[in-house]
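The structure under discussion appears below in the form of structure tokens.
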Amino acid sequence: MAEKEFDLITFGEIMLRLSPPNYERMTRGEIFDKRAGGSELNVASGVSLLGLRTGVISRLPANQLGTYIKNRIRFIGVSDDYLIYDESDDARLGIYYYENGAAPRKPSIIYDRKNSSITRISLDEIPEDVYSSTRMFHTSGITLALNKNTCEVTTEMIKRFKENGALISFDCNYRANLWSEEDARSAIKAIMPYVDILFVSEETSRRMMQKEGSLEDIMKSYTKDYPIKTVCTTQREVISPRKHNFTSTIYDAATDSFITEKPYNDIDVIDRIGSGDAYVSGVLYGLLKYNDAVKALEYGNATSSVKNTIPGDLPASDLREIDSIIKNHKSDKPGSELNR
Amino acid sequence: MAEKEFDLITFGEIMLRLSPPNYERMTRGEIFDKRAGGSELNVASGVSLLGLRTGVISRLPANQLGTYIKNRIRFIGVSDDYLIYDESDDARLGIYYYENGAAPRKPSIIYDRKNSSITRISLDEIPEDVYSSTRMFHTSGITLALNKNTCEVTTEMIKRFKENGALISFDCNYRANLWSEEDARSAIKAIMPYVDILFVSEETSRRMMQKEGSLEDIMKSYTKDYPIKTVCTTQREVISPRKHNFTSTIYDAATDSFITEKPYNDIDVIDRIGSGDAYVSGVLYGLLKYNDAVKALEYGNATSSVKNTIPGDLPASDLREIDSIIKNHKSDKPGSELNR
Amino acid sequence: MAEKEFDLITFGEIMLRLSPPNYERMTRGEIFDKRAGGSELNVASGVSLLGLRTGVISRLPANQLGTYIKNRIRFIGVSDDYLIYDESDDARLGIYYYENGAAPRKPSIIYDRKNSSITRISLDEIPEDVYSSTRMFHTSGITLALNKNTCEVTTEMIKRFKENGALISFDCNYRANLWSEEDARSAIKAIMPYVDILFVSEETSRRMMQKEGSLEDIMKSYTKDYPIKTVCTTQREVISPRKHNFTSTIYDAATDSFITEKPYNDIDVIDRIGSGDAYVSGVLYGLLKYNDAVKALEYGNATSSVKNTIPGDLPASDLREIDSIIKNHKSDKPGSELNR
Amino acid sequence: MAEKEFDLITFGEIMLRLSPPNYERMTRGEIFDKRAGGSELNVASGVSLLGLRTGVISRLPANQLGTYIKNRIRFIGVSDDYLIYDESDDARLGIYYYENGAAPRKPSIIYDRKNSSITRISLDEIPEDVYSSTRMFHTSGITLALNKNTCEVTTEMIKRFKENGALISFDCNYRANLWSEEDARSAIKAIMPYVDILFVSEETSRRMMQKEGSLEDIMKSYTKDYPIKTVCTTQREVISPRKHNFTSTIYDAATDSFITEKPYNDIDVIDRIGSGDAYVSGVLYGLLKYNDAVKALEYGNATSSVKNTIPGDLPASDLREIDSIIKNHKSDKPGSELNR
Amino acid sequence: MAEKEFDLITFGEIMLRLSPPNYERMTRGEIFDKRAGGSELNVASGVSLLGLRTGVISRLPANQLGTYIKNRIRFIGVSDDYLIYDESDDARLGIYYYENGAAPRKPSIIYDRKNSSITRISLDEIPEDVYSSTRMFHTSGITLALNKNTCEVTTEMIKRFKENGALISFDCNYRANLWSEEDARSAIKAIMPYVDILFVSEETSRRMMQKEGSLEDIMKSYTKDYPIKTVCTTQREVISPRKHNFTSTIYDAATDSFITEKPYNDIDVIDRIGSGDAYVSGVLYGLLKYNDAVKALEYGNATSSVKNTIPGDLPASDLREIDSIIKNHKSDKPGSELNR
Amino acid sequence: MAEKEFDLITFGEIMLRLSPPNYERMTRGEIFDKRAGGSELNVASGVSLLGLRTGVISRLPANQLGTYIKNRIRFIGVSDDYLIYDESDDARLGIYYYENGAAPRKPSIIYDRKNSSITRISLDEIPEDVYSSTRMFHTSGITLALNKNTCEVTTEMIKRFKENGALISFDCNYRANLWSEEDARSAIKAIMPYVDILFVSEETSRRMMQKEGSLEDIMKSYTKDYPIKTVCTTQREVISPRKHNFTSTIYDAATDSFITEKPYNDIDVIDRIGSGDAYVSGVLYGLLKYNDAVKALEYGNATSSVKNTIPGDLPASDLREIDSIIKNHKSDKPGSELNR
């Protein structure tokens, strides 16, 4: 399997993110910070920064904004080989507006992603060679939720990647503003039989997936219901919009074991968006590189924690930084205060 | 008629405008300047800055972006009494991206305005009292072009304002990316019988409106075909994206006279967008305040010329500034170099 | 009373605020953030954002800076109908410079407000109709303190508003750099007979107003000495310049009851200025809308707490945000982390 | 004389200058560029940058803003030894607001300098040793115009410097917004007997000084009426706010000769303020260093021309740059395009 | 030859460029714009933007600054496959500081590139496969000039590329601050026998290369002395630092013809740096894509002209923009003012 | 001794510091904040801000960057009399890049200071009069570490200052990236006989200086081994990159006493760099002004604590601010929240 061109291919929408700087509000101010983001791009980026070969499948308008997104994707080291350009009059880039929070003000988001170019993607546009080019494929519930078309296309893609020997990673990422719990449950159940690695929050398991019992029971149940090998659930404690604690639990079906570690406490949250995707990227890196759930957990927790300190959706930490953060976290001693 | 609450009400889409600062490109950079704009808002704003009472009818999403636009409208002195808020899940604010030019690079625009909240406006949402509240109503071909619904609503509104004694001002503002010449011609012909003041470029007259002959013949022909009283055509000479000359011609049907003046030369173009709307605002001010085509021409040429020096769509010149620019333009002497 | 045009009219100085961004110091740096502010404008703004109709009486220089302030007032939804423009050669806009703090560095302020246009305001300039146009009038000790003229004008205005049936709200807001304790005490005692709602800090009660006893005794004493109906005192605990706790107590004379609630803890202070005024606005909203001291307290505490997270003097929270903050504060559960 | 500590001491008000960046307007925007400036500081700065020893006498508030100004003065290499700090409650720093222009929009200025700390300066505050410390003293009509007190103090200072052997340089710099032509004429005539080097524009000579005849007649007349040795008059041609031509004429009484040179044409005006002061600095440098009117003219024209390309009041060109500009100006060949 | 992986590989130093924004000076200000640049990267970038496959060989420090440069290279679409990372303690990224000009102030540059990582490059570090991977190799006299080592490595690389069938493009780009005319002449003569396409300015031909006669004679002479096929010389007329005219001449040895076209006049120069490299990129694109000297000239002139309007070293124009600029340049009619 | 011109002269490298703003990373972003810094300049600056006369000896490139540094030195009130300008082709300004941290991300630094102009300083360049001009001389282990030449020059300078009666202050400031522990130990031992005031961290004492025993034993041992009078060791507790506690201990040999005080807790760290140098400046101020170890400790702890809240290397607190911070720290009561 090592000879495949890519370690990870992801599929999903990539958006323009616009945010007021310096705690200004969306209703005021004269500047927006301009960034690229999207759950599946975020995941590919994190894995790429750690040193593996990744690419992203998406559909972008064939205009300057599409070019901007492509440039950003390349900037972060993700392949743009599988980007599809929408030449139609209806081509548009999805947008979201993000405003930071500070206690007691919560961060807030406005989505303007309807009818974006990716919602009209067709299987025919995706080159056949992609399915056999990668060791792993990842997508999320957001992509299923965009519209009926992306749901169908994604489901078919998952099958094709699976057939070609890729591992399937899936992040439920349930978003109530995109679809109902019923629709989500039905669509996600349809792809569960193909999934190898599952990311699902406790709340989503209980509400949308209608699971009951202890968290451990729930996590284990997915591997009983489906041939899922790894189930990952994060534990985020929001002390304030600017201070979080974070850890996670992984259930490894092969060894029937639950893995966790002490939380990263008092994380200085500069930008919370994308920290969940950074978690996925750390876990996938651990699995792809070491095929080891402990490593996966350590990388996942470290990449997620540090992402909170990075402005924008996209992570910005290379392997050296992550290894150093893991080492500090496991150490009893404070370590040097400064990387000189 | 002087007792009406407003001197001018306009109707049209208001958009979020995003532009890279300092000659940066849309495909690069990390900041967008955030502004409000839209042809009919620009017109109302210009008239408001000159001291008359104006309002704008539009439909905005009931979220922070709609609030941002409302705040900007109030900032410039236009009434927000007739804004309608779209509470639906489909609510969205139209966007356009604008990049400045420098010879030999042209400015460029990307529109992302489809399915914006205004496209689903209904006559029922517009309070009945608006029709009798104003001395003049203004809209443009852009509003007709947005979609079939806005075309129908606008046409009906024009009739109602006319019935209630308002003067009707209309700017053809033909945009090839919004509709075909055939559709535009048909829709505009349907409203021509109600129009009192017409703004139309020579090129639009010749191509879209299929007029022939000299410019003077063409301008006069509108007043023969329809009960139009005033026809205005601008002459812009683009020396470079940063240097323009500008004047205009007005045909006054009542006196059967053509009015023009020497051009404003070597205008330093900081931001060209909205200078056409600023022209309309100056002309309408001249007509509303003085009912005088010469005044209208002088105000129109001055407001348009100076708008080119103002960043963003919206004008920013009060009556004192415009009067001083007109005086300088008519003077042979250079005048003081600085307003101290 | 519900038919009056305004719910609240305030009177006071409006200043230009200049602050170095990003924790830079006044003695260095090359940029000032430019904002509008002033205690009574801040109060009107907060009430306006919550949905009531407000206006502000002030006197501004008839130049571009006065226009800037007027634009900002309109931006936030407060009426500019009662602004008076100073055409004299002495016209000037008061300024204050504000530098943020970070422990152990305190925030600091320099005032440059002497001889500003408002100090020469005359009763004759204020249109007679304002006195009967509003349900409530609010001003503060700052306005009394500006100079002898504003003290006299304000006192007379309070009488006229009272005569016309408006409720009178007064915030002591004692500033040692503007006047002596003796002068303040004398001037404030002269208006106390007209006041319905009194805002006064414990420290001001004890020192400037020479009150003794428990805080409850003091608060109650005002309603015995004068026909005051409601007395409000805030409790702010400054953990550091960037972290505050906040709550308040209201004494409601009608029911002879003291109302308070658990504090908002660990507020992330982005900009502390105006949070006291935001408190006043929340309380006045609660009284104007619900005539209920419990509501007043809840709105006051919420508007004040969240103002600390907003850059600039002026608040920026609408009713939906405040209601959501109150709900979270009263809830035992953390609630969603993000407003999606 | 060469052993004196300073080559030039100037006296005048130093202000905070606030300007909107990027052609934004004073009535809008959220940022001010923060700069120090003032005619006589500008002159001292230019001479200091060229390599001579200069100082400035002024009076500043004893607060952070005064410190900011002091820091800026030191930054540019001018001595702060003779700054006087105003510890009074009335201490304030004069301010002016400057907005850039672009054809047909003129630049504009608002002054807020009344009652600034310098207006209450007393001769007793100025150390006696300053009068014998310098080869030359320079001030301008602005300082005379501030108020009666500065007029009297300045007149006395001129006498004392003269008595101690310093050359006296005076720039008429008539400002109609500060005083009447009559007051100016009377005050300036009182100091003329002490002046060695006079800067006066043709317009000021004709209107305020009531001179008649050709420019050459007028310039010469000053040296007949008073023991003035050098008279300098600039010729600025304002093509547009962003494009000027510039040269000047010097009359040297000793040789009874008029000196001029071909203008600097098509100057790219980034910031016009202070270019007149830069001219004075170049001329004074030429006289102080070479005692040569031709050198004075060349340096004056070069320093003034290049100042127009520098943001802010203060010049920023050292001797190497000015010498290179003079050399290019005199050369027929284009020279290298870039200083590498 | 079409099956080679790359159309163009270039070799040279890539630097960090630091420039004060908004006409500020290097001696002042508090911000530097941060950009990547370097003659050979600029060339590869221009060709990549037009749609061909390019890569760059360089040596960067193995730290965050090297990563920054790598990210920027990828952003613009150039392959980073042949970047070499310097892990030594001496690793450093070359820097240059650039300050913009405005008449009569010239732009200026300070280099701090000595001992940068590329100066210690070794042939052994360059993978052998690169020599057969590309249709064309380009470098410049700057790379030869860096130090003796880069001169030797470059010369050997040129031989190896030539042996493997690549076309050799060379831009003399003589920099007097890097080496003497004698050293340059000697080193360049040593590689001339391998060069296919030569870029050389008239001034460099006359002074450094000691050529005499008409420009046409000189250009032709290179093809007689060496087996050079194409010689390109640009004609830039610097009206002011902000206004240039530009065209060029190409001598095509195969057809013994000189090709030129009317200049691009009145170019609005936003940033002149890299416009020479952009010219090279346009010419190479024309040769690589069409093997046609006329196309090469048209693309070269257009890419160079428009680069002057782009901030930073790197170009930012795709094929659609360049084709549109060429079309406008050849047209007699003004064309649309705006790309809508 | 009081008649000496300077209270303190320091010697060391001054660098350009470049940092990404707003928690951006070095590997991304488009802006660098531009600052001046260097341990010994930082010390002189702190002492100067508190009101004593200081100067700095350093060697700078004779270009615009050297001028920038000179301007900044003057800005902060330190004398530039002893700056030496490097006119050679090799002249360069050392640079360091600094990136801020946020838990769990550590701040990080990249140095690019090799071969900077100061490394080629010669004793002959330093004017003889400097040695007798000052009451105290300060330098640090960084200056010794730069290269062999600076080590020799510094050692000789220390001897000369000592001979001329200056007190010698030395901060070990061991930097592992500049030299080995062996080299450092050897060089520092060579200067210890001349040192009066020693700053050394506990870690450096134990590792590099190979001291053993309790901290008190170690501190005392220096005064036994050498004629050192005062030994200072700081205690910094890094709670997170944005939250520190800080105090220090001073051993006063004359009285054989250890002095300390309760720590400054919960310091809001905006920029940690230079806080150690600020400590030195406070201690030296206490010794120079009061010759009192208790005052030295109080000033040292206060200046260091507050420096953490100031962006950039250089401190920005005058005596009034420091005195107020000391007073608050010693007080039990909270004090006013705001400096009004």
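General observations
The letters A, B, C, D, E and F name the chains in turn, as written, and every chain counts its residues from 1.
Quick note on the criterion: contacts are C-beta pairs under 8 Å (C-beta built on N, C-alpha and C of every residue); 3 or more make two chains touch, one makes a residue touch a chain.
Since the model is a prediction, treat every value here as computed from it, not as a measurement.
Separation of subunit C from subunit E in touch steps, taking the shortest path, is 1. At the interface between subunit D and subunit E, under half of the residue numbers involved are used by both copies, so each side presents largely different positions.
Greatest Cα centroid separation from subunit F: this falls to B. One inter-chain figure worth recording: subunit A and subunit D are separated by 62 Å, centre to centre, where each centre is the mean of the chain's CA atoms.
In this assembly, the C-alpha centroid of subunit E lies 45 Å from the C-alpha centroid of subunit F. Of all residues in subunit F, those touching 2 or more other chains are 22, 25, 27-30, 67, 71, 75, 108, listed in ascending order.
Taken as a contact graph, the chains are fully connected, with every chain touching every other chain. Per the touch definition, subunit C reaches subunit D in the complex via residues 18, 25-35, 63-65, 67-68, 71, 90, 92-93, 95, 97, 99, 108, 110, 112, 114-115.
Here subunit C touches subunit F in the complex through residues 22-25, 27-28, 101-109, 111, 175-177, 236, 238-242, 272, going by the rule given at the top.
Here subunit A touches subunit D in the complex through residues 29-30, going by the rule given at the top. Subunit C makes touch with subunit A in their complex at residues 21-22, 75, 264, 266-268, 270, 302, 305-306, 309-311, 316-317, 321, 324-325, 328-329, 334, 336-340. Of all residues in subunit A, those touching subunit E in their complex are 67, 71-72, 74-77, 318.
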